[in-house]
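Okay, here's the structure, questions in a sec.
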Amino acid sequence: MVAYAWLVPLLPLVAYIFLLCLGRRAPEGIVTGVSVVLTFLSFLVSVAVFRAVGSNPDQVAAYTFHWLTVGSRSISVGFEVTHLNALMLVVVTLVSTLVLLFSKGYMHHDDRFAVFYQYLNLFVFSMLALVISPNFLQLYIFWEMVGLCSYLLVGFWYFKPEAALAAKKSFIVTRIGDVGLFAGIILLFLASGSFDYNTIFVAAAAHKLTLGWISGQALVTLTAILIFVGAIGKSAQFPLHVWLPDAMEGPTPVSALIHAATMVAAGVYLVARAYPLFQASPAALTTVAWIGGITALLGALIALTQRDIKRVIAYSTISQLGYMMMALGVGAYAYGVFHLMTHAFFKALLFLAAGSVIHAVHTQDLFEMGGLHKKLPLTTWTFLAGALALAGIVPFAGFWSKDDIMSATLQSGHTVLYVFALVAAFCTAFYIFRVFFLTFTGEPRNPAKYENAHEGGWVMNLPLVVLAVLATVGGFFNTPLNGNGLEKYLLADGAVGVTYSENVPLMALSVVIALLGILLAAILYWRPLVKPERLARGFGFLYQLSYRKFFFDEIYGAVVVGGGKVMAAIVDGVDRYIVDAIVKLVGRVVYYLGLGLKYTQTGQVQTYGVVAGFGLFIILAIAMYRVGGVF
Amino acid sequence: MAGGAPFPIPTGSVLALAAILFCIGLYGALTKRNLIIVLVSIELMLNAANINLVAFSKLSDKPSLNGQIFSLFTITVAAAEIAVGLALLLAIFRLRKTSEVKDLDVHKW
Amino acid sequence: MGLVFWLVVAPLIAGLVILLVPRLGAAVHRGLAFLGSAAALVLTAVAWDQFQYNITGFQHVTALYWFTLPSLWHGANPNGPGNLIIGLSFGVDGLSLPLLALTSLISLLAIVAAKRSVERTREYYFWISLVTAGLLGVFCALDLFTFIAALEITLFAMFFLIYIFGEERRQSAAFKFLLYRGLATVALLVALVGIAYGAAGAYGSQQAATLSGTGLSFDIPTLTNVMHTVSTQAFSSHARSWLFLFLLLAVFIEEAFVPFHTWLPTAHESADTPTSMMLGGVLTKTGAYILLRFGVGLLPGEVRQYGVLIAVFGAINILYGAFAAWAQTDWRRLIAFGSISHMGLVLLGIAALNAVGLQGAMFMMVSSGLLTALLFFLVGAIKDRTETSRIPALGGLSRSLPMLSGFLLVAALGSLGLPLTSGFISEVQAFIGGFDTYPVISFVGVLGVILSAVYLLYAMQKTTFGPLDPRYGELVDATPREYVPALVLTALVLFIGIDPKVIGELFGLSVNALMRIGG
Amino acid sequence: MSGPLIAFYVISLCILGCAVLMLSFRKVIYMALAIGGVFVGCAAIYLLLGAEFVGVAQILIYAGAITILMMFAIMLTNHEATEPPFQWNARNVASAVGCILLGILILLVIRSTPWPQPDTSVDVNGGNSNPVAIGMALFKQYAIPFELVSLLLIVALVGAVILAQHRKEDE
């Protein structure tokens, strides 16, 4: 079965090409049908591959073909199946199938419906191809391709100026990270002579990665950090997290698929895939852990005060991705990947539920919603499942993965990071239930919108239900109850990461913290004992700090974008007023020289003759002098 | 290398004659005001060159007829040149009522 | 007469027929020019098909003898053997074949793209055919004389195309072009003739002549051989350095490298679309070709010696071009600066002087040629409709011109080096080469990857995204005639990006040949 | 001092004398006469050097045709024209200095060059008379240049006629 793993990315590609041929006016039913069926087939193949790999640890394999010769080295392309990417394939295809189905309802009657599905299928193909790549170059290729799809889909409603700006921003900010990845894999190629993961990791383990200008250990650290820079960009980690909230300008299914479940998790996947390299450099791992911890806290703090339902969830995504990075950074490889999986389920669920709400009320402002549980009962219950999973309440999926991460962090000795994670957990519970209470409970704040709200039909409900089930029970893939099955499965890839044991008091503590968060949300927004505005005023500056997203956009706008524009203006000025001016000056000088020298043209042939005669004499004299013996 | 009786006229003398003639012609061409005389002076220079050609036809270590042939061509071309030159001169004179070089300065800046 | 000879001559014949046969209609002029370029393309394809991959060196060699300069006259080597043979000599190797294909293809598409409303079609298509023939000659010349002659032809043909058929400020742009590139030709002439004389032993010892047994020769393979075997003993390093600097000056001007670049944006701003396609697509690749063929091929030691300088200029070009492009408000100037930025990468790849870098530079020449031509074509097509190429004046064109906007997006993405386009494969190879030899400079240069995304997406955002300007509501999208260049170029950009092996193998041959000399 | 050498010096003196006279005469018509002397002198030199055919051609073409043609031209234009005496203006002085310097230089070069001893044993005429030999050369070896030169003469002739033609519209 493993040898047929190439079918997994191929089927969405077939769907893409098929839709491309159908054109932009294709009927919605056919478009959705083809996409969903092919992606679902892809899911079935993934499951088969997953099972084949799981039952037989030796099935891990790479299949490569020659692509290009550069100098004496050959670059190949192909695919590989490991335990890690078999899991990723299942997660990606599952979420993709559900989102493709959901989009049928959400994008209904959009006049570029078929184009939307083209882009989505292209994305699914690229994402799967990224996951299945056997080498860094191919990963980078599809890494950029998913970025392109994200660009196209964020800017899908291109006529909205905010969408156009957000698309550009998402591409450019992630590109900053990509440059790090680009440089990193080039250095690895130069040091090891190959882009293949295995060759590089074997060389790294054997301390054979060296270049003329940098020693082995420093090179490993440098390349690991450069690769991590790529992951920072793609996974919206601090300090390159600013693009993800803006990317919410795209249609909500896009946010669910790309900006929650799959593409943004590619950064985590990358670090996980390159884990042997990171393990060879403690400094790089520490960097990963700290960036992850800071991001987890930062995202959670900003999410506390946002008014836009999608932005809250987006910051939540940033924060959760921070958790995953932190897990990888402290060595809890399996927990990071486990959280990636559970997060894909519950975050896709939250986004789709939010999409269902937005589809119903046509607004994203939390303060225009309220009381929607009467109109949207299914959405309410599924959202609640997702929220509980995100908050980490027993026994929802998020509880198992998040608590594994938190206990691993404490056990690995990163106490400060553990405190960060704990604070973030409290905030997480608070902000997600703030959203829940504001949206679904209480009185409608905007009756007009409330009246027209309705559920989106089975195409939108089915994905919600499936994901809600997964968000509820997804955690049981890796609990002490099943002997940490997923962890064992993942660690079959080789000795990667450290395993930690569960710690019941710690688990209890985090659940209590989460419950406190929910309680605070409840007394502020469900049964208001305290007016939230008073609290906001009480915290004054801190509230502003969170509400204005720690001023990252403003600072970057002024320093990076402003600096770049100033630099561009300077270069342009230099070009026009110095370089080109010098050229023009030369032209002028020659022109005026000509104006002066024209007076030598007297028109008197004999004068010319005299001058020419003297010239002849001088040339002859010099020639004769050089020959010698004449004078 | 050279055989036979030495030729009575030294090579240098012939060349010197040609050189002096050439310089006189040049001087005339550069200073005379009448267009006809300028043309005549140029003929002088051509003749000086011809003397050289004929001289080397005889006074070389490998004498051959080529010099004489070449001087014949020169003479022919000079004849053609003088014919066209004088025709031009007539035309100019008819138009401008002058045959002085200094008046012919339409190319002055 | 070999294949390659007819390949060069075909557009020339077409041009002469257009010029000399009176009273042909505009359609016939266009058809003849089209036939000439098509013949060149077909012959290139045949040459490609017959190309033998197991042979290094030139194939399909055709030499036409014109006259001989005896050694006494040229004076390079009075005691040695050798009369200097002057004539025309053509042949192809792995480097020139893709460039020939690029030239004939872009010329063909430029003719397709030419507006029907052009007046004076006789001159127009004559000059276009001539510039095509010249460029083909440049890329397959096997002899310095042929090379310079062909380069001169492109120079004045392009001058007239800009001067007569350009748009606003065409005259000053044309003269700027002429003067700059004329200067480049002078510098090139000094360098190449100097190298030929040096190889014959004119500077310093007579060893070159005795060692190589050849006198003064303009034959490129012979020169390469001589320079390879005896240059270090025969040539004073002082003389070689000077010649190399002259060569570099020529390359910098031809390729529009900072700070000798200002002719390029001006020329592009004034030239019409087909001219811009030829200029940006092919003519600006001659500089890199010179650096590869004569720099790396004949003076590899100097390329190594001045490598840091070249690499630094490469990085400067990448960043300068990108920043300047960011500041532009006109699409055509933006593309011009973007192409300068791309070419900086070529410089970096060549400076690295390793197999990967050289191959990357060659890929970049072709890729940048295709993408620049595509961009100019699309911007021209948009300009035909909106009557402006100023970025702030456009907006929301995705709605009224979805296909053109789509192609523009592909072209922009290719330009910014998105994987699966030719831009990426070039970039990655050039940077691998660069990082191998000059890691720090390459780290600086790699920032250009970000900047290219910035300026291109900024322009895209202002052009095709955003609300539709009501002025542009009723525009007609791409016509069938416009689909041809857009589709062909896009397909090639994608094809090279997805399967680079096809031209990679050809380039690999040249790279190996060059590396045997330089390595 | 042998006979030919004496003849050479005498003829040379005549030539140079005529040339100098040409420069110093003030009436244009005298100058034309003086140049006739130079041409005849040159013909004599050619004869001395064994180039009989060239010498005769020189007399026919230069001394005969060209000199007469000059006379006609002078008569047709301003036959009263005179040259002013030498004027001390910059151009004249520069011309004089330049010509003298050039002459000296050439004479120095002539003096310092080791001229090869002439090989008098070779008969350039190949046993024929000089005109026959020249005719053979012209119509065999130099046939194409000869034809070209005749073409040139025709063109020059026609051109001269057209140029000198008195055109009505000029009036």
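By letter and in written order, the chains are A, B, C and D; residue numbering begins at 1 in each of them.
In the analysis below, a contact is a pair of C-beta atoms (placed from the backbone, for glycine too) under 8 Å apart; a residue touches a chain by one contact, two chains touch by 3 or more.
Note that the structure is predicted; figures quoted are calculated from it, not measured.
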- Task: Find the most central chain, measuring centrality by the gap between its CA centroid and the centroid of all protein CA atoms shown.
- Result: C
- What is the distance in Å between the mean C-alpha positions of chain B and chain C? 53
- Task: Could you please state the distance in Å, as a whole number, between where the Cα atoms of chain A are centred and where those of chain C are centred?
- Result: 38
- Item | chain A and chain B: spacing of chain centres that average the CA atoms, whole Å | 89
- Message: For chain B versus chain D, what separation do you get between their C-alpha means, in angstrom?
- Response: 5
- Would you please write down the residue numbers of chain D that are in contact with two or more other chains? 91, 95, 98-99, 102
- Message: By the touch rule stated above, which residues of chain B touch at least two different other chains?
- Response: 26, 30-31
- Find every residue in chain C that makes contact with two or more other chains and list them. none
- Query: What is the complete set of touching chain pairs?
  - Reply: A-B, A-C, A-D, B-D
- Provide the residue numbers of chain D that touch chain B in the complex, in ascending order. 2-5, 8-9, 12, 15-16, 19-20, 22-23, 28, 31-32, 35, 38-39, 42, 45-46, 48-51, 53-54, 57-58, 61-62, 65-66, 69-70, 72-74, 76-78, 81, 83-84, 91-92, 95-96, 98-100, 102-103, 106-107, 110-111, 115-122, 124-125, 130, 133-134, 137-138, 142, 145, 149, 152-153, 155-157, 159-164, 166, 170
- Would you pull the chain A residues touching chain D in the complex into a rising list? 604, 606-607, 609-610, 613-614, 616-617, 620-621, 624, 629-631
- Any idea which chain B residues touch chain D in the complex? 1-9, 11-17, 19-28, 30-34, 36-37, 39-40, 43-44, 47, 50-51, 54-55, 57-66, 68-69, 71-73, 75-84, 86-91, 93-95, 98-99
- What residues on chain B touch chain A, complex-wise? 26, 29-31, 38, 101-102, 104-109
- Along chain D, where are the residues that touch chain A in the complex? 91, 94-95, 98-99, 101-102, 105, 108-109, 112
